[in-house]
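In structure tokens below, several structures.
Heads up, the next two complexes both have subunit A, just with different partners, subunit B and then subunit C.
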Partner chain A sequence: MSWMEDLLLLGIGGIAVSVYGVVAGLLLLGIDRKLVARMQARIGPPIRQPFVDVQKLFTKQNIVPEHAVAWLFNGAPVVALVSSLVILLYLPIGSIPPVLSGYGDLILIMYLLTIPALALVAGGFSSGSPYATVGAQREMVTMISYELPLAIVFIAIAWRMSADGIGDPFSLVTIMQYPLWGLVGPLGLIGGLILLFILLLVTPAELSRIPFDTPEAETELAGGLLVEYSGKNLAMFYTAQGVKTLVMASILIALFLPWNPSGLLGLGGILAAGIDIAFFLLKLVVVVFASVTLVRAMVARFRITQVVGMYWLFLGLMGIIALILLGIDAIGGA
Partner chain B sequence: MLSTTFHTGAGYWNPLVWLGVFLLLLVLAYLFWFRGESGYRREGEQTKPFLSGNRAPARGEMHLRASHLYWGFTEAIRGYYERVVPAHTGVLNDYLLWFLGVMSFILVIMVVIR
Partner chain C sequence: MNPIQTLKRSLWVFHLNTGSCNGCEIEIVATITPRYDPERFGIRLVGSPRHADVLLVTGPVTGKMIERVKRVYEQVPDPKVVMCIGTCGQSGGVFFDSYNLKGPIDDVIPVDVYVAGCPPRPEAIIHGVVTAIAKLERREGGA
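== the complex of A and B ==
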């Protein structure tokens, strides 16, 4: 295949996955809102509500505060959405390999995850509002807090695979081919479950959802880093939030729940891909329910110092314990 | 596959492909953003920073000082900083002693493990 055909395929695949990312992301936000409402004995908005919100925001005034740095204030929401969509291109969808498979691995994904958060920080600082400035500062602190446990999860899984002599352990395609649960013994299983628990708790922080929504904190910072945003800029951030939700759930599925039903059913071709995608979408809803919906319906917001303590001390320590358990498991299995 | 992919031994990535896809989606997202309403009423209160009805201070007075940028992080692990900050005396002799001490400790550990 020539490099021109390569580029064409990447372009078409990129656009197709981006459309899927926006639609599925907003759909996940709608399902999350509906489920939370039901758990709080409310009827809640219809599942299509995020689409209506975005459509309406695009017709509203796009106010740029007089103290804002206009180009950064307007550019941050676009960069947040684009950088979230690009991560999606490195992630598998069901049994379909990533569009950018072979062009980036798990370490790259970990770095790319910081770009949407940095866009939020840039937007907050550029808006010239005291609330947004404090929100942006908190977003940075939250980001450096969850990086440690997130890095431990990624490295622990890849290290356990490399201990078994599996090549390219940071490749998501490899990780899906050799699920962690099939490599480990009882101790490694406990270590794997701890890593799963850590990633489930990193997800709401990555998405700035309760109890880790200190950067936005409606009741104390009036929306924090988004306080000055309105109209289409707010719509872009909201859409990026949906895409990031999809990204985090897809990462968790790829690392811990990579199974597809087509192999068990002995199916092939388009039918297998369709069934695998349907099953993948079902897993997305389950993961978002467990890591976002259930958590935010049960727990109140943490203070920023509690967020740091939780990730660096509690989850950091748990991550190291998981790493030790996987290490003992690897030595015992060798 | 394009031949511009970097291999580190454990991982790999292709910055050109990332940049190309990023720019493509940036153009598309900008066109999407551009279709929305751009205008807004410039007179009145709505362009002033929101501060719960209080008068916002001047622009230069609302920025965080660099020492406050990581507040929350430094506050949560204050016990660590209370010990580490005084150790930074600014005296080169102290730093060299620390360097030699830590280096000897690491070498001892390496010898013991081997």
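== the complex of A and C ==
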């Protein structure tokens, strides 16, 4: 019965990836907080601080406000956490192929990426607070703005690969096999760097971190989307935030930094997988540092209109330039 | 695991102004600057009372604020600690016997820790938080 074996494998893989997602995600949040503190000449919280926070939130009272739509209000955090864990199943970890490789590709990931954000929006609207409603509207606007540059990045890479006659260019396994940098000439290299820059800037918006944390704006919206959440619901959103950080960093690594050291060192078996995972975690920290921590420590929050203008005009334009560069590169190379 | 063990390493603070002169607010902001860095103990200012573990109340509670103070207190999920910052919340302070005061704060909501001073220094506020943790532990141990 092979389908039963498949199912069993999927179950084990799913549990393993969930544990990995939660632990690594919270760890990334902790490292991010520590690094920001260091950049502000502070000592900063211990790296396990997010774990303590989540543990504490689970022991707190869980209030459902009177005006809230209870089933949606309680369901949204679960959906946010589970859907961000599901994306992880489609992403490679180190040299280990994704658990669900062959079942989904970049296009699916792009659709799945909207679900945690939509869950946040649903939770915000259902909590019956004007602050949360404004936050939810802002989150939707942010989503609409970063979707265009994100799609350009995915499509540009896949298109460049298909121009070289590589089959199945949207599959992450294929993209890992043929890194973009090996395919392109100098013009394409510039295009690729622009795409990398765009994805680095889309990441904080996807995660609603400073400077794109307009939906949660603590000072103006009192926590925005999450204003009415407490206790274990808030803990789930908190964890989902960590998993989403992990997801975005993993996507960036899979697309732009897919190298693994085991091939170079000529290792095999378990040792190779271990080294690859260690190297992968290192890459995660570097990516999160560059796209979240550094930006967060340097700049203040944008207004929502500025967010839209920046993504549509500035990054959209840059994306199209990168697309054209890659196009010229493909024609020149052929 | 004892809930207090995690609570005391991750105190989220919400600040409520009930009509203070803003002196205490400035000292609270000074407390969260890098010089004192309370984040190393997991202390963090949050924007919503629903996220909070500690309620910092400043000011002498004016007539308009009395209902709001009660409401915000009820919005904080249990277990919670209330800290009264500044002298005017304890006795009226410089506003003593004013026509529009309904305070002091502990006539309106139960207060766990009092931090005196007009305004108190950041060290005093941090000491107040430490006292609050000690009180929580005692309350949990005795129960």
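Here is the rule we go by: the second predicted complex is superposed on the first by the 333 of 334 C-alpha atoms of A that agree within 3 Å, B and C clash if a C-alpha of one lies under 4 Å from a C-alpha of the other, contacts with A are read in each partner's own complex, and residues count from 1 in each chain.
Simple rule for what comes next: a residue touches a chain if its C-beta (ideal position, glycine included) is under 8 Å from a C-beta of that chain, and two chains touch if they have at least 3 such contacts.
None of the values given here were measured: they were computed from a predicted structure.
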{"item": "Greater residue coverage of subunit A in the superposed arrangement, subunit B or subunit C", "value": "B"}
{"item": "Contacts of A:Leu193 with subunit B and subunit C, given as first, second, both or neither", "value": "neither"}
{"item": "First, second, both or neither for A:Gln40, with subunit B first and subunit C second", "value": "second"}
{"item": "Touched partner set for A:Gln61, first subunit B, second subunit C, both or neither", "value": "both"}
{"item": "Which superposed partner A:Asp53 touches (first subunit B, second subunit C, both, neither)", "value": "second"}
{"item": "Which of subunit B and subunit C A:Glu228 touches, first, second, both or neither", "value": "both"}
{"item": "Doubly contacted residues of subunit A, that is, touched by subunit B and again by subunit C", "value": "59-63, 131, 222, 227-228, 231"}
{"item": "Footprint of subunit A on subunit C - complex, ascending", "value": "1, 3, 6-7, 9-10, 34, 37, 39-42, 45-48, 50-51, 53, 75, 77-79"}
{"item": "In the complex with subunit B, residue positions of subunit A that touch it", "value": "3, 6-7, 10-11, 14-15, 18, 57-67, 77-79, 81-83, 85-86, 89, 100, 102-108, 127-131, 133-134, 137-138, 140-141, 144-145, 158, 162, 168-171, 222, 227-228, 231-233, 235-236, 304-309, 312-313"}
{"item": "Subunit C partner contacts - residues on subunit A that touch it in the complex", "value": "33, 37, 40-46, 49, 52-53, 55-56, 59-63, 131, 218-219, 221-223, 226-231, 234"}
{"item": "For the subunit B and subunit A complex, residues of the former touching the latter", "value": "1-2, 5, 10-14, 17-18, 20-22, 24-26, 28-30, 33, 35-41, 46-52, 56-57, 59, 62-64, 68-73, 75-77"}
